[in-house]
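This structure is in structure tokens; I'll ask about it shortly.
For clarity, chains are labelled A, B and C in written order, and residue numbers in each chain start from 1.
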Amino acid sequence: MKKVVVVIKPEKLTDVKHILEAHKVSGLMISNIMGYGNQKGFTQKYRGNELNSNLLPKIKVESVMPEEVVEKVTKDIVNTVRTGEFGDGKIFISPVEEAIRIRTGETGKDAL
Amino acid sequence: MKKVVVVIKPEKLTDVKHILEAHKVSGLMISNIMGYGNQKGFTQKYRGNELNSNLLPKIKVESVMPEEVVEKVTKDIVNTVRTGEFGDGKIFISPVEEAIRIRTGETGKDAL
Amino acid sequence: MKKVVVVIKPEKLTDVKHILEAHKVSGLMISNIMGYGNQKGFTQKYRGNELNSNLLPKIKVESVMPEEVVEKVTKDIVNTVRTGEFGDGKIFISPVEEAIRIRTGETGKDAL
């Protein structure tokens, strides 16, 4: 099992949800975060003063899925979410050793 | 060391905290997230229009703990949090390679 | 690649950002969380009643970086953020298997 973390602009959330559903990926967690990538966001000025804000609002989508679907899912996300502009987002993949569905006690892929 | 992520209904947070304390697990991070599992939440209608919301509010509890306690902790959480209804929640376990307590510089299990 | 998670008091965020920039670490995600460590926060009383709040507001900074810089970055964070008081914060390090920049499709370290 892998955790796929997708960090995107808020307006791309619906696209990502549809891709996960199309691949029968069954669950996700969504958080509002602030962040920057290589451009360090942009620096805002307010009445001549630099604001302490190069942080941009982003959506973090975390979904634990079987290893077999990761490549297809991430390819679809890249192709759909990409605009070609800076800030299109990032995907990170990391290992998950166990999953448990609390209602049934199922574990592993059966719990996804 | 392992990171145990528990995603539950908000009203179950106190139960999870008590279980962690009972097993002398010393720390946690709590986030408000939105999510769905296999039921894809439910679709709400507002004045006849489908709302872009099959997302339900959930609490994510993340706790890094020694490997030895993971099984006992997760069993207790499953047994205590389970109601038998859809949406009881999920547990995910993943590897953590290092922990550092900033105050002392301690590392590994000593830092937990 | 490693994910470095730094949990700190909100007023230390600027320090952590500066250290990441000094080491040319190119991106981060910031979340507002609630948490406690070994002291289980403190227990507040309000009009004689214990409040269900031993949770303190913290900032979680997550940054995915090349393995080579992790030690230097975490040492600098420990040295800069440490006050010697309880609650200075924690650092957790975990494996990341893949990163993808959505704009370009770059993967691995090139995507960071």
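Operating definition for what follows: a contact is a pair of C-beta atoms (placed from the backbone, for glycine too) under 8 Å apart; a residue touches a chain by one contact, two chains touch by 3 or more.
For clarity, every value in this text was computed on a predicted model and none was experimentally measured.
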item: Rotation, 0 to 180 degrees and nearest 5, that superposes chain B on copy chain C via CA atoms; value: 120
item: Interface sides of chain A and chain B: same vs different residues, half threshold; value: different
item: Rounded Å distance between chain A and chain B, as computed from the means of their C-alpha atoms; value: 18
item: Where chain B touches two or more other chains at once, by residue number; value: 31, 94-95
item: Complex interface listing, chain A residues touching chain B; value: 3, 14, 21, 26-31, 64, 94-103, 105, 111
item: Residues of chain B that touch chain A when the two form their complex; value: 2, 7-8, 31, 33-38, 40, 52, 55, 58, 60, 74, 77-78, 81-95
